[in-house]
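Here come two complexes built around chain A, the first alongside chain B, the second alongside chain C.
Up next is the complex of A and B:
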């Protein structure tokens, strides 16, 4: 069989002992596009926007409105927006780049054999894992900041009754499962899309792979959307003040009122 | 049975069984969303993105099965 599929990205060349894989190579290119584009737009801001500025403004304001509709208006949206929007646009550009026609045909010799110069960036588990870890650490920090360290650990380790202890352990497992599910969802979808297209191209080179390419286009957009929306939802769940703290506050207010009435 | 054929059978079983649940679930999600759009066509702009998100989440179990199958086959 001429099919050659590997889970790990192919190494293009080495800088010293650091292996530069094809996903890393393209990641750097996308990163440069983002940095240069941002600097260019920043230096060319006008009151009457041109085409490029108009498009960017539309995308950003649409994304901001959507963020506000999920997490609430004001400072909450302002704080979380940069992280989530960057994730969305980055994943979207990364996923759409494989649809530039012709790039899949370019292969280079890396010392052991021919490897393709291009590979879909999100089909590298390393990058997806790093993004997931960023999300999870952010969520944990926000949870600690909102509920306080004592309540945070009480949620996981609760010795009051066997049932509560069991639920705490389940919560702990849930947090770990979040990492696995979030990262495997994006990685699996993009990698499966790559494999599906490769298999279809291998079986029948003309016309038949076209609908699968459209399906891949849909997946690319939806998965970028899903990853960032899930990050947003996790963060907005973490910003909710836990019940116990609310009860304490109410008690305090009540006692204050009672004291006030007595006085 | 040698290990190679066992691998292929395992991969096929993993995807085949893993796709049943998400298939049913996505069908339910889509039918409910279409039903509600039919009832209230103005809300379609709000329903459609939420439907896509929930469908992608439903789909993830099938994707896990697929990833396991791919790991069995290629890693």
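Up next is the complex of A and C:
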């Protein structure tokens, strides 16, 4: 029996020409669980909560309080919360699903060979990349909205002096690095966990994989947290008004005051 | 680059599908999970706040009622005392009046009785006098009948006449 480790998710079957990979398949299942859960929750909310509702409320309000503590109270937190919280809960559940015992053993024949039916959902770089891109695009949009398009482009392309030009290029690289670091952190951790578990199971099926499984649980939770918190922090940074604009505002206020005094 | 994309198994169609699904997920969770939960949390918060306020209010009201009760009791007690004092005063006066009246009445009765006694006495005295006169007369008659003869009678009559003259 050979150990088959693939960086890419394995394709289970095709709908037309659309390849359904095992991660996509499970992504849809988790997605459906979330959607149905949300609809169920909406229709079963009671003033006096049951245990399930209590748990959900605690999770959501706890997440909201945490969001508020990072980005500040009010509209900001309200706007950013759906995205960040969904990322957290979704990644968390996706990461915890592999710990359902038994599913790792199921393989199916996809026409070319045996492929495992299950693969940790976040071990699909495509999905992680999509989420990262969502974060980065959101951050860019917020930055443009806050500081204005002119200032936004000036940050990256500045021809005033060689040093500023260089810093602008560095900023640009920084933005790209953000995408890479954010996405590969999550993907790498989960994929590594998958591989590690597979290797351990292959080498020593009993007891030895257990500590790694616990480690994997920790990683699963921490990575969900890290990904969403980093998203939150990036957005929070983007919502801060840049210094140059603040200076301009102050100048404006000062001149207004001076005019007021003269009058 | 292409080999990297192949190695990671990236497919644009899957990416788009995942993005759309994720967007839907965010929307659905926002609409059907976060918003209603926040709403119900807020409602519950309001309800609890209202409940606490109400209980505070009712407690206050209870305190007010208690103090009002005490006031009323004190007032009633004061009035009762006043009434008792007044009644006592009145009773004293009335007592004096009655005593005085009784004294007066008694005096009248005593006077009456005294008068009556006096008149009885007088009457009795008169009667005794009358009886005595009769008795004396009859005794005298008897004595005179037996011991006084005509001679003596004559003498006495003459003496009386003499005396009279």
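In this text, the second predicted complex is superposed on the first by the 262 of 263 C-alpha atoms of A that agree within 3 Å, B and C clash if a C-alpha of one lies under 4 Å from a C-alpha of the other, contacts with A are read in each partner's own complex, and residues count from 1 in each chain.
What we mean here is this: a contact is a pair of C-beta atoms (placed from the backbone, for glycine too) under 8 Å apart; a residue touches a chain by one contact, two chains touch by 3 or more.
Quick caveat, the model's predicted, so the values are computed rather than measured.
Annotation: superposed three-chain arrangement on chain A; chain B versus chain C shows no clash, the two fitting side by side. In the overlay built on the shared chain, the residue A:185 is in contact with chain B alone; chain C does not reach it. Aligning the two complexes via chain A yields an angle of 110° at the C-alpha centre of chain A, spanning the centres of chain B and chain C, rounded to a multiple of 10.
Once the two complexes are overlaid on the shared chain, A:222 sits against chain B while remaining clear of chain C.
With both structures placed on the common chain, the touch criterion links A:194 to neither chain B nor chain C. By the touch criterion defined above, A:18 reaches chain C but does not reach chain B.
Of the two partner chains, both chain B and chain C are touched by A:7.
Of the two partners, chain B and chain C, it is C that touches more residues of chain A. Once both complexes are placed on a shared chain A, the shortest Cα to Cα gap between chain B and chain C comes to 5 Å.
Touched by chain B in one complex and by chain C in the other are residues 6-7 of chain A. Those residues of chain A that touch chain B in the shared complex are 5-7, 66, 181, 184-185, 187-189, 191-192, 195, 222-223, 225-226, 229-230. The touching residues of chain C, counted against chain A in their complex, run 6-11, 13-15, 17-19, 21-34, 36-38, 40-41, 43-44, 47.
Residue ranges of chain B in contact with chain A, taken from their complex: 49, 52-53, 56-57, 59-60, 63-64, 66-67, 70-71, 74-75. Residues 6-9, 18-19, 21, 24, 27-28, 31, 34-35, 37-39, 41-42, 45-47, 56-57, 60-61, 64, 81-83, 85-86, 89-90, 124-127, 129-131, 133-134 of chain A are the ones that touch chain C when the two sit in their complex.
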